[in-house]
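Quick heads-up: structures coming right below.
First chain A sits with chain B, and in the next complex the same chain sits with chain C.
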Partner chain A sequence: MLLPKFDFHEPLTLPEACQMMSEFGRKARPLAGGTDLMINMKKKIVSPEHLISLSRIDELKAAQCSGNMLKIGSCVTVAELTESELVRKNCSALCTGAKALGSPLIRNLATIGGNIASARPAADLPPSLMAYNAKVVLKKSSGERLVLLDDFFKGPGLTELQADELLTEIQIETPPPYSGCGYINMGIRKAQDCNIVNVASFISLDAPDGLIKTARIIMGCVGPKHLRACSAETFLIGKKASEELFAQAGEAAMKDCSPIDDFRGSAEYKRAMVGVLTKRTLAMAYEEVRSEN
Partner chain B sequence: MKKLISLTVNGKSYQIATEPNQTLADLLRYELGLFGTKKGCEMGDCGSCTVIMDGKPVNSCLVLAMQANRRSITTIEGLESEKGLHPLQQAFAEKGAIQCGFCSSGMILSAKHLLDKNPKPNEAEIRSAISGNLCRCTGYQKIVEAVKGVRG
Partner chain C sequence: MSQYDVINSRATRIDSQDKATGRAVFIDDMKMPGMLYGAILQSPLAHAEILSIDTSAAKKLPGVKAAVTSQEAGLIKYGVSPARYDETIFCYDKVRHVGDNIAAVAATDLETAMAALSLIKVEYREMPAVFTVEEAMSDGAPILHEEYPRNICAEVHQEFGDVETAFKECDLIKTTSFVNKRQDAAFIEPQGCIADYDLSGTLTLYSSTQVPHYVQRTLAMVLKLPVGKVRVVKPYVGAGFGIKAAANHIELAACLLSMKTGRPVKMNFDREQVFLHGRARHQFFHTMTTGVKKDGTLMALKHECYLNGGAYSSFGIATVYYAGSLLGGPYRLPNMKYDGYRIYTNLPACGAQRGHGGVAARACWEQQLDMIAEELGMDPIDLRLKNMMVAGDVTCNDLNMSSLGMKECIEAVKEGSDWKNKKGRLPKGKGIGMACGFFVSGAGYPIYRSDTYHGTAVIKLTEDGGTALVYTASAEIGQGSDTAFAMIAAEALGIPLECVRLESGDTDFGVDLGAYSSRQTLMTGHAVKEAAESVKLQVLEVLSRELKIPVYDMDIKKGVIVFKKEKPDFSGLRTRYIKEHRGWTDNPAPEEDLSFREASRIAYLAKGSIVGTGKYKPPELGGKFKGATVGTSPAYGCSAQVVELSVDMETGQIAIEKMTDAHDCGRAINRTSVEGQMEGSVSMGIGEALYEEVKFDDKGRVINADLAEYKIPTALDMPHVETIIVESNEPNGPFGAKEVGEGAIMPTIPAILNAVYDAVGLRIFELPLTSERVWTAMKIRAKG
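Let's turn to the complex of A and B:
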């Protein structure tokens, strides 16, 4: 299967890469792990004239915690996320999502930045990242901006990224005390499978055994982009966590999604699974809150 | 336009002129004649093109030859030594873990990477390590047994 023709560039620094992005604009595509882009190029869905490989830019490959901020470079691989003690400790649900992505072979190439920038409604990392309220740094030669991941996705394959911008970093404030997060992706197989429905839920309480202060529930595969279950979130605030409450939140979430019928499942089935996964991920989040105390 | 790259394959250094749109799988097969690296789906699904790049198994159909510049690659041909077949190759042959053979190179390289990191994997770890390598002869059971036979 032939790849279309293109010029290949391999900048060693971020300023150099930004310079190339501003020079080539829409004619160029950044290349990270290539597990999405190579496929789309082989299928002739996209044929950029220039590929700007990010894989030699060391500053995009670090994950570090400074103060209460976890900063993950866009070219950190999914395999590295699964192995990072820093990620597991601060964002266990992101680790769960990373472990569920593709296969070991894909995880060794695929990057967190590529998973976000490709903006697939079924992708495994955005739900937990949005649940942790992550922000992304978008950079170009003339400056950078910080965008909430919630505002980054515009539709399938569509994002806030401008033609000359690179996603350089993911920023997550380390979760407050008495908080937890859970992620479940449901598919037919364990590996190499596109999700049927995936949900991440985050809650934080106002005291060790207190009331729910913050709730964020993100649903994948049930809309043109990852959706917030807003009415379920509102419903949870100020209440005491329980099985019963989580089941009711699941029912509310079913009304917050807009799935379609396709070969992976009927809209009705996906909606029902949103209810189940919301309930279960909330229970996982609560379990994490309790295990901390 | 062709560009010159240098890379190490199975311990040997090469300098090769390659087109930007050539994949690493094609470079290995058609420029170096290493046909042990198979091309199945060419979409990252089947794992028959698995090679180890800088210590990590990857789908060489998704890597550009130019991305392998200054990197070290191990293909199935690199496993045999003067002592003979690699223990995993030997075990695959003895346990009947090879049927048509198309997935074997990838299976063995994924399994080798696992055993290098974790010499005593349990069955779940073995199955997870080869989950990106598809066998269409339905031979997973014997493949898992072969890997078990080699663990420390």
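Let's turn to the complex of A and C:
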């Protein structure tokens, strides 16, 4: 398969990149790792006239923690996420998701921004990011806005991003004390797979051995975008964590998803797996709470 | 210590440095001056009449040098078996599957060639299509090939002994059915080739193939050229697994385009086209009924099988025969009845893949044997040992087990896996299972009926005597055959491996049927050994004359002449050798033994070039019944495997944790290569058992035609494989060697099926065992 013809741009600064995005608009696509975009271009699913490479813009490649805010540049690679002490310490489930993504070769190229902006309902990073209540910075020449990741996804391949905007940064408030998060992705085989179902669960307690104060459960592959298991979350609030409770939350989550039959699996199976993975990721989250005490 | 100096070791492969550093040349690395790029137009419809094809716009596109259809290609039919030549280079009356071939173009670059394809106008009249065996055989179904009513491409009806009478004497009769899914072999290198028709009228095709010889013959026949004007050269090849064991459309189209343009033409399949070309494992529907005595004695097997063949025959006739004949062993089975049907459907053709025809049948039967063992209250290993053949036994369908280390394999895996402490004693969700299998060590007959040699070899000594040049037309496709033959040549000649240089994969080097049916080590190995022995004898004969010592009192070992009796005075010969090499600084010192190099230089001075040739063909094998040739072989490799796995009781996911694998390869030429084949087979077997399935939509289009959605095991899915090499010293093999290439896959799937039963108490009769299939089975059971 051959790539279609396109003009290649390599801006050195973010303002320059924003300028190009505003100039070319829908005719342009930003190029980060390219692991998704290049395939779609070869398959002629998209044929942008302009590719704007973000790989030379250093400010997009940094991850740092200031105060209680973890800021990750959109061009930080997935491999870097797996190795970052900052990420592992503050957002272990994001690290788990990064390790689950693709193969070492893919992880060396793929970026956190690309995994979010491509908006694939099976993607490995959004569930934990949403569980951590992450926000994304969308930038254009005339300014920038901060959008909750929950509100960013609109459907498969569809996002809040405007034609002239770039996703430049992911912001995560460092989790409060007595909190934990777990992520599990399930495919046909152990790696390099498109997930059948993936789930991330975050809980925080009001005291070291207290009641659940906050719960966020995000389900992938079971709707047009990553979904919140709202009734499961509500069910957990104010209750004492237990295996039994998590199993019940799993049952509730099964009603919160809307999977479809496709060649990767039946809706019935995906729904059942949402139940299992919800239970298991909640247990992982609780395990993390306890291990930090 | 091995009695051998070169073979039976772990010598480094002769191609490993080239491959590790990227110096090895594959088709995609090759370029020729003036080379054009070809592309092939393939049908978007599964079944349609071709009303017209118009290439005029494509031909006018600047950069396009030729566009060809059946008009230019002609209508000569070809295929694999002459009994079913049912393909032409390009379709002329109708297309029979999505991806069927219609036209090809050659242009100065690939972009232009692809653009030209889009300018070819084809008018179709779409026809109803059949995709399943049931649809294809139903009354009034559309017919793919007019000569084959009900779309029956081939059928087999065989009975050995008397099954019905035997059933009357049985204490237990068990019937099960089983179905696998269509496979893709997922080799790493898609098919590709460069055709070069030169000014002297010689056609050279460089191709990623397993069978230069068969490709040569097909090119000559279809393009109407003398065989002597067609040369097929195989560069390094990134595997084939059976799919590259016949000429393909781009090989023929590239040759035709080169002949039209007078320029080299390169063509490649992309990954989707690999799936559209197909030719990998069929989908088989088996129903087997086995009868046994109370004590476990196997009495009879009644077996019916339907194969979804796809649109053309490819290897299919052999496949439908193999599916039956390969159950003749390795157990003593006095009565066997087989009815097999291969059915044409509007899907890409299926063909041969590792374990040709026998893999699904073996899975079905070995699972059934486990069920029988359980009902009889026997350990499944005991049931197998009770019925196991031994060397010298002949199956009811006339396959001769000239060596059979099956019992040793079973005992090795039983011991190696600690079977007796695990079987039936593992916690719920964990399971252990075993199975056996055997396979031909080279098909007993060529694909076309012929008295041809199956392999020839030439060994020539360089004039300085230091190096033996080995030439065979065999096909190194990643399995390590080049290394095996270099080792065999070195061993037989008595020189170190470093003194052998080997060239292979070129029809100019001789006749070799190629890399399929696990034949090369035994067959080409014989030819190479014979050539090496001839060379050795020629050198020793000259020495014999010079030194007045009988040939049989001398030998060559480790590059040195061995005098079995008194060491003669060879200083005269040495002086002559040194005179030939004035100025050389590495001439032998007086106290050194007489070297092979000196001896062969003396032989060259006496006789000119020292050239030895070797050849091999099997003796007449098999019975006299129809189809008796399929399954015959000069030898049979066999294996046993024990798999340990866990099943996630909530998700149905299977994790293969350990594999204990014993294979009888007769004699290991290269122990590391044998283990490589065993581990590779396990990987392929796990993929077929757990993940793999080529899927189609309702229009016959492949929906997972890439390696992202067609799931083969990754490194992370591979368990630890404990490999145990069993050496039975096959009397018909060179140095006692026989196959390990395909037979090694046989036990993997049924061992997994049996281990899943041990883990969760469920028998599953359909592959692949995806987590969803296992979960569903558990759920159905829970509902009662």
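Operating definition for what follows: the second predicted complex is superposed on the first by the 293 of 293 C-alpha atoms of A that agree within 3 Å, B and C clash if a C-alpha of one lies under 4 Å from a C-alpha of the other, contacts with A are read in each partner's own complex, and residues count from 1 in each chain.
In this section, contacts are C-beta pairs under 8 Å (C-beta built on N, C-alpha and C of every residue); 3 or more make two chains touch, one makes a residue touch a chain.
Nothing here was measured: the structure is a model prediction, and the numbers come from that model.
**Q** Once the two structures are overlaid on chain A, check if chain B and chain C clash or fit side by side.
**A** clash
**Q** Classify the contacts of A:Ala191 with the two partner chains as first (chain B alone), second (chain C alone), both, or neither.
**A** In the superposition, A:Ala191 contacts both chain B and chain C.
**Q** By the touch definition at the top of the document, which applies to A:Cys75: first (chain B), second (chain C), both, or neither?
**A** neither
**Q** A:Ser55 in the overlay: touching chain B, chain C, both, or neither? Say first, second, both or neither.
**A** So A:Ser55 only meets chain B here.
**Q** With both structures placed on chain A, which of the two partners, chain B or chain C, ends up touching more residues of chain A?
**A** Ranking chain B and chain C by residues of chain A touched puts B first.
**Q** Looking at A:Asp7 after the superposition, I want to know if it touches chain B, chain C, both of them or none. Which is it: first, second, both, neither?
**A** First partner only.
**Q** Applying the touch criterion given at the start, work out whether A:Gly34 contacts chain B, chain C, both or neither, answering first, second, both or neither.
**A** After superposing on A, A:Gly34 lies in contact with chain B but is clear of chain C.
**Q** Figure out whether A:Val274 sits in contact with chain B (first) or chain C (second), or with both, or with neither.
**A** A:Val274 sits against neither chain B nor chain C.
**Q** Pick one for A:Ser103: touches chain B only (first), chain C only (second), both, or neither.
**A** both
**Q** Where does chain C run into chain B after the fit on chain A, at 347-355, 437-445, 473-481 or 689-697?
**A** Of the candidate stretches of chain C, chain B runs into 473-481.
**Q** So chain A touches chain B in one structure and chain C in the other; where do those two contact lists coincide?
**A** 1-2, 103, 190-192
**Q** Considering only the defined contacts, which chain A positions touch chain C in the complex?
**A** Result: residues 1-2, 103, 186, 188-194, 196, 263, 265-266, 269, 272-273, 276 of chain A touch chain C.
**Q** Show which residues of chain C lie in contact with chain A when the two form their complex.
**A** 110-111, 114, 270, 650-651, 653, 690-691, 695, 703-704, 708-709, 711, 713-717, 770-772, 775-776
**Q** For chain B, which residues count as touching chain A in their complex?
**A** Against chain A, the touching part of chain B is residues 1, 3, 19-23, 42-45, 47, 50, 56-59, 61-64, 66-67, 69, 110, 128-129, 131-133.
**Q** Within the complex, which stretch of chain A touches chain B?
**A** Residues 1-8, 10, 31, 33-35, 38-39, 42, 51, 53, 55, 79, 102-106, 108-109, 190-192 of chain A touch chain B in their complex.
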